[in-house]
């Protein structure tokens, strides 16, 4: 398709439809257009179910409002993560249909309907304090068009709760495992399932937890295979990776 | 299927095909067999292309020889990672057809033929010093039945080399991105492709690299989405995760 | 008894049996003798089943030989930890009946017979690479007079192996849980048993393990209760603590 | 006992007392019931003197109120740790007899009377700033049914205060040693007593204390034997471990 | 010129214009004056376009007001960094023409006009959250008399944006590259340009970012040459270094 | 003097002035009194110019008030460090003559006059932001009876200011060197003087300063001899050490 | 010049000198050629005095030999850093005129003569143990065509040595300041000169030096302006940055 | 004396004994000579009992030989620290009377006799593994002319040994406290004595000791006053500081 673009310019030039200068200009832009193309291609894929993303933390409500409004006007779906209620209320002023997921700290505006995948992303969380991160992952995955199942409060210190849900957990195509404190959940899970696991350490804990470092190191050193890790509290990132993986199953059908 | 097993035992018992003791024994094992079942099921999946794995580092050549020999005798494929030449030579004594991948530090013994996937795992490595880890990933992935393409020496400090290979890289279903020093490769890659990326920090570097910590932190903090991370130098773990993901595409067809 | 000592000095002084100077001297020394007493008391307790301990690492074979020989001559039992074969051979030259536990790196010389406790100390270890530390704990505990049961290779990534042994593990009065890499064993164990658990992180692992830091932090942050932790690779310390606890059960009977 | 359960189901099935479906159902549940059993067993033990525990920090007063109320209604004793006054006041609204230990930050609701152990848990604290953590340990231990003695402000920089209390300290079956700053108390104590010591580093200090890291490392590296360590500021965890140990002495009688 | 000062004193002394004591005094001070000379020399250079600098953070508005007022009265240009609006308003009370750059947190008072360099300092910033630091660098550089071009929001996860600006970026004599999170921008930039790059890690990010440590390590380990690094968030320091470098080009002409 | 106490009791006992019981009691207490003696001895020394010390941080104003009042009533001098204005005002309510050193965050109450030493403690501070710590050191040293000279704002980045004061600095018997950020002052000082230097790192700085870690490591690694270091921001500790050293010179005369 | 290339292709196509396919091919390659162009342009600049660079550490002598030989054959100058004598001897076998700088661990092969700059790069080193890193910087800078002056053993603990050389140091256009241990040299230097300083922390030291971390943090926190920092022991990187800066002065003339 | 030098030059100039140029030259050099003077002054002081010091670690035997020989020839006393036997043997070749202290790793050559101080430096060490560092301190202090008393193996886990020596320890003017592992010795000592204490953490230990970090942090956070700290294993530095302090007592007499 890139070849065709060059060919078309050459032909239009040969046929005198465009001047030398116009051909030069058109061709000169191509390299960047090509890289821009990558971007457009990328965008198109994203549009196939993935909303645009605004990382709200560190931005003023006013800034978020402006970005969200522009995206919305251009027909984009909007996903705002790490959004406070203040962020949401500013957005709400200009986009009536904006929705706020309080626990997940997510703002969503939809211009397009969400089609759900057949494959399931399972979000498994160790403790109730891990829920904000788990919900950030779950809501993000849902807004990206995935069917999501939640398995909450199944930490490894009460193993029976996890084993109880094992059959359902095994039916998921991808798993997101969210845990703070000592972060052992993904390891135990990794020994029991055969789906890829995206592990999310949370900053839940105190003392020698060092704001999530403990859970992070645990997950990176997991002696179970099939576990890969994202940044502390990065529920969004885990959902994004899980979405890319889940889509592989969808597209292959 | 688990139900069927219990049902079958019950019926055989009722029909007198097995004695009370035999039924008791069979049933008593079930809970464990069930969990073992998970294991067996897991094993079976693994056997669909995934060899058994021995982490050789820290084991004596004698120990590795013994484990490998037993596995081999039982018809298993054998995959030994972090294997020194001494490990290999010990294994070679008892299993003639053992193969050693020197750079990847992998011992392989095959009882079953390897069937290659249609989907491709791309192994992208930043520098020549990262090759041992990249090869551990690539050979592991191949021995697990994946079609693998290698893209080596495409570090981000010489961007054109990476861009030059971009079309081919985009055709991969999953990517393993291996980089040491500042570890920026997965971030740049993540902005250019739409496949899930498993990032492997390597311990290549010196000084403020702190044995791979620098690359690890870079990858965890990547501002590109779709990147998840394994432990420093863990080429095997990246390949294992990538295999699970690649299989999703194969099985869905 | 202390009162009596003072009384006796006072009386001898009043009765003129000792001079003012002698009374002064005798009384002045008392505080230190009292504290020295503490020591003797402490030693006596130790002799009730606990051998003397030499930390051999960092000492020359010659030094260890000398210390061990003197202890032995004085009728003490001798326990040398972190002992290399060189240390042992030096000791063997002068004390024929010295015994070396190679994997545990322990030298033992007994002047007194070992009486075993009724209560059991269970030593639970995650992987085969953790065995040197687990054996240091197990042999130390045995030499301190405890009945010890070993549960090895029951890491949480293969949960069924651990569950399989659970009944036996639950019969132990105290547990020592030894694990490297991500160190999740004590947490899972803590949710399944009601005995106190002494957790020993090992330096087994690589990369973001940081020489045992990962397992140490995991154990300190364990979300299971009843878990306390000793230094990385400190099998001896865990056994010592477990012995003190086990003795509580013995003595109470 | 597990065998008997299976046998019983088999027999009832053979004798037609239960249908195939009922036998199937009963047997299928067994593995989970067994693990659930663990839970029940565990619960029963806990009920033998140990209240249920809510970690309040990070939960809203509303959430704590709801959990506490449900526990209380079910006849459970309730122990809420890291509870603020706000948490307490919310609970107080629905459970009149809730009690708040301000310094220990503990909420307690009792449905059952507390029976005290004969064995004593000694809580030894270095400085006045360590008292909140020491009190968390002491109150927790008391609510778990232990007889507790407090030895406060006996830091090692004023050794005579510690030595003054030594006789009483030696009469304790288990010791909890709480210290911040340089955290030397457990080491000095470990050289003077023969009870097991659970050491609790506190985050008291500044500068190179690094929020308790200094005291934590000191305690892990203690050259005195018989010392094991819990997380920074984890008074509850120390009390829980000490309770398990103390109970060994009670039960053996 | 230093020689001349000594010469002058000697001559005045010989000619009786100054007494022995006065000569002694004058000469005794010289060594210090010489080092003071360095200072004066340094100041003079600074006055050639570089304002005086007050690091406002940690100073009270009152303190900053006083320092700024005295400098201003003495004819100095004043540059206050890390200044809050409160700092500015205090200064504004006494120096009407003080200017505040809100995003850059800089107060400027000019007694002398700013002459712009021919050579350009390019300030390249990865994300919108990095702008306060980028602006601190840009405004500082401008107030030091440099011509500055801003290239913002050109992070490496969207490579085309950076490549799009490459021609303009290449025309800069020195580059300041500002990035938080994974901090890969200077490395990618370093492979594409031939100007020296001053890299500024920012504290933008969360979790394993550890307040900028991640970006700092990335930049120090950059596999691209020509990159040197300043402290986290130190936009001022980068601008100062860049100014010294840019001046080399100006002065050589 | 200790001997005399015992002697006195013995004599009073022999002379029938005290009964056997009374002698016993008096003597029994002696061991503790002996250790208390150490304390008393220590106190006496302290009273020779050193006030009692309350570390106020982390104590409530009410607690500080109570401690200070009791000390004051007993004739002690009182020194409260890390005291907020709230602390002071609470103390002021009950002890009219309490004095507050705002910048040093010190409360002082004197029952005894301060006699100044001949030897001088020099407090050398690098920057204006280091003054609170420097003043804590200076005021503490003065209240402990030392003659103190302050050399402030003589950081090594403007060397002439330091050299200018060198003669005066060299006349000090002991030096306290206070510096934050890169903490180079003690090293440079150590190469220029022959007095012992107590170095105090401060938490002044940002980014890779890591709350004073940078300055702390610099000082510990100083290539100049004669430098020893106290905790970050520990002006009091430096003054205490310097006082002990200064007293050596006083007492020897 | 890029425009001209496109123009030329267009014209040759219009004039029928090249076929449609040839034009297509030529144009299609342009984007990459353009980025390649960047590379070529970059190379050309490098050839203006900068040799190609091989980072030898972690490569086998055989690998280095091969790379060096190919570079040499293609007319490139070759610079091998972190080269052991073994590396050199392997290279020497195939390129007779290879030169080895032992202390700097550098291999150099020249196809082109070196032209020296007018501007001077000063390499200032604190201690004799820092010399390998200082020499790596100095030799690299010389091989890149810079005039280099060495100022060694001028650490700040003996300030007079540094001040003694100050006049000469001030005549340098750029400074490279190399220091280990506490790393204070660049700060002191930064207060005395007005050239840009590239600071190189070395791993010289022990204990709390943590392999150069101490010096690295010191330099990043320098309170003197105009200092930027490279990785620990990275003499090459400092020289490269200094060369880019020095070239600015040369080219501007 | 500095004044006199200037005066002399002025007078010689006025009297025509030296020309204008000569006066100029003489005066111009003065500032540096003055600082050089500082050095000479410093040297002279050192010669009053303090030998010159060579830090041998990281230097070749050949280098140490050369430096030592030159010093020796110039009449200096020579002190070589961190010297291996190889270093010593090289020195021995050229200076017959060189002496080697094996455990302390010190080479000493004396041109001048050592005069001992009246005041005593006490070197107190916790464990036998700390002896190399303790001996480095003790031998250094002795070679610097101090009377030294050693108190070894008095770690705080066996308190009575320390208390037993307390009287003698209290007679020392300065104390050096050497301890590894948890490093509690200086804190306990600080509560019992009134001399200044220089604390030396050693790298003795394993696991969470982190090469001495544990002991270092303990000592910096000591809750006992009068303790200052030097780098890990820096016995020499402690002795140097202690010597400066001890000399204060000597000189004051």
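Labels A, B, C, D, E, F, G and H are assigned to the chains in the order they are written; within every chain, residues are numbered from 1.
In this section, a contact is a pair of C-beta atoms (placed from the backbone, for glycine too) under 8 Å apart; a residue touches a chain by one contact, two chains touch by 3 or more.
The chain lineup, named per UniProt: A, B, C, D, E, F, G, H = NCAIR mutase (PurE)-related protein-like protein.
The model shown is predicted, which means the values in this text are computed figures rather than measured ones.
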{"item": "Interchain contact steps from chain B to chain E (minimum; 1 if touching)", "value": "1"}
{"item": "Chain separated most widely from chain B, comparing mean CA positions", "value": "F"}
{"item": "Rotational angle, Cα trace of chain D fitted to chain G, multiple of 5°", "value": "180"}
{"item": "Mean-CA-position distance for chain F and chain D (Å)", "value": "40"}
{"item": "Gap in Å, rounded to a whole number, between the CA centres of chain B and chain A", "value": "25"}
{"item": "Interface hub residues of chain A, defined as touching at least two other chains", "value": "35, 38, 158-159, 192, 207-209, 213, 216, 220-221, 231-232"}
{"item": "Which pairs of chains touch, using the document's own definition", "value": "A-B, A-C, A-D, A-E, A-G, B-C, B-D, B-E, B-G, C-D, C-F, C-H, D-F, D-H, E-F, E-G, E-H, F-G, F-H, G-H"}
{"item": "Complex interface listing, chain F residues touching chain G", "value": "126-127, 155-159, 181-184, 187-188, 190-192, 205, 207-210, 213-215, 217-224"}
{"item": "Touching residues (chain side chain A, partner chain G) in the complex", "value": "2-3, 6-7, 10, 13-14, 20, 23-24, 27-28, 30-31, 34-35"}
{"item": "List of chain G residues in touch with chain H within their complex", "value": "128-129, 158-160, 163-164, 204, 206-209"}
{"item": "Complex interface listing, chain B residues touching chain A", "value": "38, 41-42, 45, 53, 119, 163, 166, 173-174, 192, 194-196, 198, 216, 220-221, 225-232, 236-238, 240-241, 244-246, 248-253"}
{"item": "Parts of chain E lying in touch with chain F, wherever the complex brings them together", "value": "31-32, 35-36, 38-39, 55, 57-59, 63, 201, 203, 211-213, 216, 231-234"}
